[in-house]
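The same chain A turns up in both complexes below, where it pairs with chain B and then with chain C.
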Partner chain A sequence: MLSRTPLTLKVGIVTFPGSLDDADASRAVARAGGTPIPLWHGDRDLRGVDAVILPGGFSYGDYLRCGAIARFAPVMAELIPAANAGLPVLGICNGFQVLCEAHLLPGALTRNTGLHFVNRDVRIRIENNRTGWTSGYAPGEVITVVLKSGVGAYAADQQTLADLDTSGLVVARYADGSPNGSAGDIAGIAGAAGNVVGLMPHPEHAIDPLTGPGTGGLKFFSSILTPAAAA
Partner chain B sequence: MAGQVPPSRTLRDVAKIVVDVMLKPEIHDPQGEAIAGACHRLGFTEVVAVRQGKRFEVEIGEPGEAGPMTIRVAELAAELLANPIIEEFAIHGP
Partner chain C sequence: MSRPDTVADAAATPGLRQPHAALGLTDAEYASIVTQLGRRPTDSELAIYSVMWSEHCSYKSSRVHLRQFADKAPPTTALLAGIGDNAGVVDVGQGYAVTFKIESHNHPSYVEPFQGAATGVGGIVRDILAMGARPVAVMDALRFGPADAPDTRRVLPGVVGGISFYGNCLGLPNIGGELVFDPCYSGNPLVNALCLGVMRHADLKLAQASGPGNKVVLFGSPTGPDGIGGASVLASASFGTGDASGERAKRPSVQVGDPFMEKLLIECCLELYAAGVVVAIQDLGAAGIACATTELAAAGQAGMAVSLDAVPLRDRGLTPPEILMSESQERMMAVTEPADLDQFIKICAKWDVPATVIGEVTPTGRLEVSWHGDLVVDIPPAGAADGPLYERPMRRPASQDVLRGDDPATLPRPGTGAELRADLLAIAGSASGADKAWVTEQYDRDVRGNTVLGTPHDAGVLRVDEESFLGVAIATDGNGRYCLLDPYSGTQLALAEAYRNVAASGGRPLAVTNCLNFGSPEDPAVMWQFAESVRGLADGCLALGIPVTGGNVSFYNQTGAEAIQPTPVVGVLGVLEDVRKRLPSGFGAEGEPVVLLGDTAGEFGGSLWAHVVHGHLGGRPPAVDLQADQRLAAVLTAGADAGLLAAAHDLSDGGLALALAECCLTGANRAAPPGAEGGTGCVLTLPAGPAAADPFTWLFSESAGRALAVLRPGAEAEFAALCAEHGVPATALGATGGQALEVTGLFAIPVTELSAVHRRTLPALFG
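Our next item is the complex of A and B:
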């Protein structure tokens, strides 16, 4: 473990039926210098990875509720106890929904106010850089990432929202006001232990100026490769 | 167990239990609001508000050792059919 270099760190990316952004998440991990490892929803096997990303998409067609079926996939039976034991996990968009359904994160994602599917670049402010996924950001750093979701409004009871605030567990907020009705302009949160992070917009689409709005998202994937983050 | 065939079910063994799932009152329901807006455009101006929910019809076999059917369906609703963080459910027995 001590001799581990960033290049050998393995980041698993789960593919569910209906996942869309698993390839982009893999590309982002590779671009940051990690080794992406594909994980399959039907396998009860995390293949010895050091961290896991649940990518965006429409797992199981969003049947029942977004993430509600994926939460019971065989790979989740391995992931949930591993996350509770400290494995770093990042859920992006649909992955955030899966993490809430799995009760690895508090609250839930609900339908956007106004019903519109929001598909545009947004600026988010990193408010918590003490997670393994955000340690490379300066506190308050504003980055531009892609938001593309119809069920992206974060909701939780008042007590949970207050606890997130007082515990500093809000990872990111929309810098220009919530585009989807998200409570407290919340774009992402962390679990109490800090290793599990959910984010509604897509940092994996903002790692390359050729294909996205700049490179502001890349540090989500490089942060986790630092030894302290994945220790 | 090898060779053991489960007894075939007849219609009599199966009960239909209905689970209604609604967003909690404090959770914003933009779909219901859009439907209410359509009501007004259609001339149903007396409609004050609409909230949209889901109805599940669960067909379930004989109660096993786990408990009576309505209790099993309530467990199912709490674990899968509804998200207790944002939704509430009501069960209508056989």
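Our next item is the complex of A and C:
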């Protein structure tokens, strides 16, 4: 890994039936200088990628529970052990829900307090820049990204929330208060090893002022391309 | 199960009368069917004719008028040539074509708001998909009864929830639309859904079956008993003894949507197109298999033999007429060559989309449908597809003169600064004038990553090509109050407003679609409104040089004798060679000059001011001058192209007052949004002098052909020259800046106050 130059890093983007922001995640990876590699839900094959993104969307129509069916997709049978062995994984929105269902991250995502889908530009504060996905951010840096979800309120038991706090595993919080009832204003968390990150708002929609609220999300995708991050 | 009514049965009892009246067919229409067939129709055939000849499918009352869109079509190079009925495809350059269409789902959305609106989105998206295009965006034009009426609280949240549920799950950005409240829509809400698709020129698909021996494939969801209105009637009328028919009649006539299946259908169809295994394709919408088989066969001038036994069913108790008429959602029908069938089925399997061969194209020229080995349908498809044609009586109602004579000039007007201020806030906080974020925040605006402008900007702007920055702009508009006062000019005002909105976003207008929402065509007064509206639109499109590429008619929007205001919703599509030059609708930086373009006269008939402040509707709508609108559009697009403009905002209902309020609150840039303290204010001076209007007229008149232009500092002279060159009157009002909407000598409204008034209305009503 360390011998690779950043530009050769391959980032896999999984398409489940019902994935919607997969093309957007690919665009963000390419914009950051990486090589996006499409991964198909039905293939037990990670195609030798250096990191994986589970994109936003409504995998399997959100039937049963968001992410509950995707977590059993054949590709996940490869991804779960790889993530446990240190492969960097970023789950965005529905991808975050899949990571929680797969028990790669603690807690769960629940219906927004208003019971409505919320699409809004939100400011989030990077609380933990020690993950592979956030190493390019300064601690406490505030960026504007796009929140667009109906089941986006992070929930966990008191012990888990306390553990996330004391271990510094909260990756980002909503800077202006939670727009959806998320516990502790949590917008994103990391697993204990730091390689797996889940984020409810969409950094891949904040990479270009032409099509989103600035470029604040881009460093999620450039951070992972540094050799240290993916090592 | 009862034995089916076969063609042989019908031949044996050629004179046995069928329950055609219960299915909405007149005696004359029934007689015409018997003449076509030379015998009575079977129950399955009657089902097909009843839906194909319904107003919804046949346009039997509107076709004589809609012909004007072709007869008066302006010369244009924007439409892709040689494509006959599918002429909704617009050339936007660089080998790209765009197709767009708007369709009503009004009645289902009143009965069952959530599913009605959801399946409205699903239907229009499949329409666009069947053209060979990738659907890339949706918009919705909505009308409801009074915002505080109990029934509106039932209907609106359901409709918005349904659109949100379906469109978001489909992964299509919702980039604009309308939300209007008026008592005339109580009991008759309007839910008009628009979809926009993009394709390469070469990818255009034709909905016609040709080539005998080719296979007919039904794919998508299985067929169930949903959306069957007429067939239940038929079942109970002809075989009405069993319990099954009664039980079935209680089932909902509104279909239930599964956007997940639709998303799979989209990706599956696009892969089928790319593989070149589709000869023809049609979506299943109203009248399901009956309509798809009839229209595919009629358009291809071929025959088709279909076995209903092969149709995958969710309910095995369905009868042949029910299978034919089911409106189960998320289904498509394609014709493929036998050699391509394996690959076709394989691609469907990859996307987990069930696909079944249900028949094949024949050289017989007949549509033949069998069930359990018996022939139940044997008809000439063109005869069923064409339908009857009516010239309904029409009469300008006598009440029209009373309405037009009720001049708003007699209404008390605000005079002092404090009164003007109060009226501005009343409009900005009225349900129709208020901020729509409560609705639009429930829609995904950003998925697919190409949304350059969405609500609340004047038009939705999408990037089409990531390398060249080619893009399109699209806007819909309609004003029932204007159309009630004068359906001819009211429709032209809607067209002009959508045209202006596209230009104010930097787009060059190219083509028009429409959704014509009216009361009953059997009422001569409504028919007169309709005829005037169509004539106005056709004449207007000719004057502006942009063709109508397609549309939809929704009649019977009335409860008892009370029809809705005539509400044609007009959509205009434009092109931007470089979307980086698009114009936002809000104030951004401070110190940018604000210029009013166009002439302002004292025009208050049908105005939002008269409606909100006085509950008044009468007089004449604003005068139409489409040449002035053309000149205005030329200035806006040239100004955008030359980089002279920072923003632009069209003036329409609410006049200059509401436009200024919106500019202060919209912002110009998502990266620097209006903060919690509000947006960017402005300091303006209304011109005085002998020829000038009074402040009330400046602020609240709704004269057409006007827009606000926000200039880049230093561009004043060049922009003034541009306006002079095109003969567009330009009035310098002042500049952006400060924390208030300030009109010198009259009033100042802090942006925070404006924001609170504008933004609290809908959340307070709907939670």
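We take it that the second predicted complex is superposed on the first by the 228 of 231 C-alpha atoms of A that agree within 3 Å, B and C clash if a C-alpha of one lies under 4 Å from a C-alpha of the other, contacts with A are read in each partner's own complex, and residues count from 1 in each chain.
What we mean here is this: a residue touches a chain if its C-beta (ideal position, glycine included) is under 8 Å from a C-beta of that chain, and two chains touch if they have at least 3 such contacts.
Everything numeric here is computed off the predicted structure, so don't read it as measured data.
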With the two structures laid over each other on chain A, which partner does A:Asn119 touch: chain B (first), chain C (second), both, or neither? second
What is the contact status of A:Lys10 with respect to chain B (first) and chain C (second): first, second, both, or neither? neither
For A:Arg31, using the defined touch cut-off, is the partner it touches chain B, chain C, both, or neither? Pick first, second, both or neither. neither
Name the residues of chain A shared by its contacts with chain B and its contacts with chain C. 114
Complex contact set, residues of chain A against chain C: 17-18, 20-21, 23-24, 27, 56-58, 60-63, 114, 116-121, 144, 146, 148, 150, 176, 202, 204-205, 209-214
Along chain B, where are the residues that touch chain A in the complex? 23, 26-31, 34, 80-81, 83, 85-86
The answer for chain C against chain A in the complex is residues 161, 164-165, 168-171, 258-261, 263-264, 351-352, 440-452, 463, 466, 579-580, 669-671, 673, 676, 767
Chain A residues within the chain B interface of the complex: 64-65, 68, 72, 100-101, 106-108, 110-115, 153, 155-157, 181
